[in-house]
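Following this message is one structure expressed as structure tokens.
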């Protein structure tokens, strides 16, 4: 960490700051510049509160040098993390494809869709039981009942199930789920992250729509700090000024997160674009740049869907997409499954 | 609502769509254009799920005409809402100033700061008991103990207290709080909003850092749909590409929200800018364009603060700011208090 | 186009608006809603100035239904446009790779780099003669001399040359250039676009860093309105809140622009990310989702480069990237060249 | 400037880098950290090309400490710059109000509007002769003829005139103009900035819609590097995800630019919001936080305006706004004029 001092910094204030740093085991190196004096800190600077340094009279600004995340940092864990999910693994070089409807709506709907997804080649089933909806007047999900229907879909297909949690209070209902998803709106619901850090299930952590990659890694750190190392990062589009797509898929996040972290990366082209015709090209792009998994919305009858009808694929269209995705994965020497 | 049909839309698909709309009490008007045919809908279109319409074969796109919020909408409630807060009111033409530390850290800290804030002219006391922190390694707040200390600060000063909730599970701890704050990261924590809709306390709802004004109003709608009409909207900066300030204060949100809604508006210059020297000019700007309240971070000793030290005012500086704020409010014929 | 009327709209004002529209050959259809009355317009609404409609007393807001671009619009030109560039073609199903240094710095530098690029498989040579630099104190390019050196590089390699124009005043200097590039900062330099619409050279039009895809297409329209149909659109990253990459590559722009327009699409991973290690994965992603061309910065000695040293590939690294790019293109049944 | 070295940096590569820095008169200070080694540079680091440093093998990243602008920097020019404009001054503590139509459309229009603006209290007249329009099919301005009409308006009112330049080629036509405006889309048209640096007229430099404050100051630096010190900075809204306003007025730019620079600051609420009803509250906010000038669009008949009809005030409404603006300025001890 580098501290840039004010032009008129008092020696007394600087001394006090250095004493406080020394008490934390950090030593300070002075560099006297032409226009500015700076202090370079040596030691484990992750224990320092930047805001606290900024509050000192003598300090103009602070530049961080080290990343603030440790357990999620590839520097300290060079090997890829492979997350076991029942009879599958995410992050071991295979390509996993999580497919299913936006919302679980009925037994018939989820079972029919899950079977169709499996036949097309999906390796896990998704479905929303708790639905975060912008409007209080929209369908809010079947909740606990939805999870039970997902479990039936797993029994029918043998595929692991993935579903989103919205509140710690519901955690018990997820006991029989294979992967717990944290949605974009909850990426910084720190209480929830902490609770998930103490459970033993893999967590699919979606990037918030206005969150930086560093913040995503800090949220993974919250979960990992509690002891749960099975975190899968998910890029699902960020909010920008562009309005033609629902969000902007930040595809460079895939290789960049792989450089910065050892955790596996999933891409969700359905939420990133909100446009059915973009799901195939974005899935191919994600595979080409190294994503470990895809999450794609599929509905047995999108025209009757109770949520997100406009971005869900029909099983027939999904089968077409899967054919191309599987072929491309194989071109790269990877297996779907 | 306007539905734009695809060029090759099938009559059968259009008929099916119209039947579905009719079943919801909505009638359809056809307009045949040169290049495009459209359908204009008449009736209460807030019952329609846009995504569902988009999933129909014949539909190219949809344009909303009516706002999706009702209870928060000024069109249906032309008069300003005044929110009673113990011995004060927000939204009655007065200017309320909520001041206090980022975090409650100790009895001495909160009592000293609260007294200083009151002397300078603050009308309510804030302090964080539950702290959303980006890093799991940062101070996380005194939680329930912090709320008890706030209650003591109220006993000492007679000023109402405002503090942030992070989880429904903690709701009981807020029984003795005057205003419950929903932080930016929880603006779309819909389960929490619903729970708050059923309580009888005023809610200070902060805009999420990547949320539109319409989404802010929809989150207010969640609370109001539950029966709690005492919502105060708070602009606290949005995330943009600019990095010189922590966030970008969207000052035009103040008059715009006042046009669209009858709810009172608060501005938080501390979080919006993250820079101590900008709090005074931004407070003056907020008053000049009609804000009903300000929320300002003040700490008795920012240099020792456990969080956000860099953006908290000293009591002395806050007293200077208040002097100018009060004078400007009086120029506009408004009273602080 | 849909006009939403104010609640208290005067009949007289509405009549005046309709008369004005009628005079432009546009007919108006009324739809009386529960809360709002709207007018649907039929005819060629591209002649209407939205701002002018908004200025009428009776109008609350306006929603466009038709795209404002015509010549660039696939609806009116269903077949792909193939742009001939000397002995190559962009947009005919082949993959073109434009490579070369950020700036032309010397004869030795550009010739050495161009030969290396050709050997690695590049099909066109780029190099900046006029350089838009944020700081007035940075290297500003060799200007006319730089173009002459590019022409020598073409003589040496037989590959077409691409270079950026910054001002109409320099247009004569581009007489011997094969493709004129319009940089991101000039995407809405309308005077320049108009001038280029009257020349007979292909234009590589880069998306501005804060411009929507619709605005990019409108800028293409400016060039095409002058008679020059040979426009290549280029996605090179947009500005967002993310700071880990220089810009955010909006990869979904590739398939989306292909749906909306018949013009070929180029992707520039060098400027989009600003990070050498991301160029390969982003190039592969671009090919996988259908880009017609790539533009990649290569320098014979990036360590001594006078500009953008940090994002230019060495010839050796570029050769590695090309090997993977060519193989992937062939997997998709496309040829580089 | 701080250079962060790679973990595996070779001594040889570091030595080469230091030699190159020494040759530029910069000395290097090593700080050996636990996980990272860094080099702190002392000397005039504005001569260093950051990209060049990044291209060296041993370098992981670079953090700037000094601002890259000098002539625009308050650190080196502590006193406010006051820009003389014919019989007025911007930046001397007065409040200047520049008013007039978006476009000059006819003699009658500009003269009528200019007289009305003067009567309401405007101190300068604006009007667009060259119009940057997104669509090639929209009205593009009266060009040279428009400037002549502005000169007539000045003769009629005695007020200085302000108008926008779009191309160096037109510079001669601006000989009789009092202030040359550089529009948002040309903020980084560096050729144009250089040319304006060599002329002797005040320049009103508008912030680009996706440009940071630092980039705005660097563009001012371009003009000032040429010898023209009379630059007025103008905040006119930036592009964000919010769609309810045309742009987002970054009001904190006003006090922040005043801290960083000695140049005067203008605010343009018309372009920032695009909404007539927001111009008054945003003008008051701008005055309250210290803007030196306002630029407001006024049209004698907005309903017939050839451009931007929806955001131009009528003379009557402008007179109301001016009354409040003048009163508020006087409250702050400032004079309009």
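The first chain written gets the first letter, and so on, giving A, B, C and D; residue counts start at 1 in each chain.
Everything that follows uses one rule, which is that a residue touches a chain if its C-beta (ideal position, glycine included) is under 8 Å from a C-beta of that chain, and two chains touch if they have at least 3 such contacts.
Predicted, not measured: the structure shown is a model, and the values here were computed from it.
Compared on C-beta pairs in contact, C-D and B-C come out with C-D as the pair having more.
For chain D, the chain whose average C-alpha position is most distant is A.
Work out the mean CA point of chain B and of chain C, and you get 39 Å between them.
If you average the Cα atoms of chain B and of chain D, the two centres end up 31 Å apart. Mean C-alpha position of chain C lies 26 Å from that of chain D. In chain D, the residues that reach two or more other chains under the touch definition are 210, 239-241, 243. Against chain D, the residues of chain A that register as touching in their complex are 2, 4, 7, 29, 31-36, 38, 40-44, 63, 65-66, 75, 210, 239-241, 243. Across the complex, chain B is touched by residues 46-47, 49-57, 68, 130, 132-140, 166-169, 185-186, 188-194, 208-210, 215, 218, 221-222, 225-226, 239, 302-312 of chain A. Partner chain A is touched in their complex by these residues of chain C: 210, 212-214, 238, 240-245, 248-252, 254-256, 259, 272-273, 275, 277-278, 281-282, 284-290, 328, 331.
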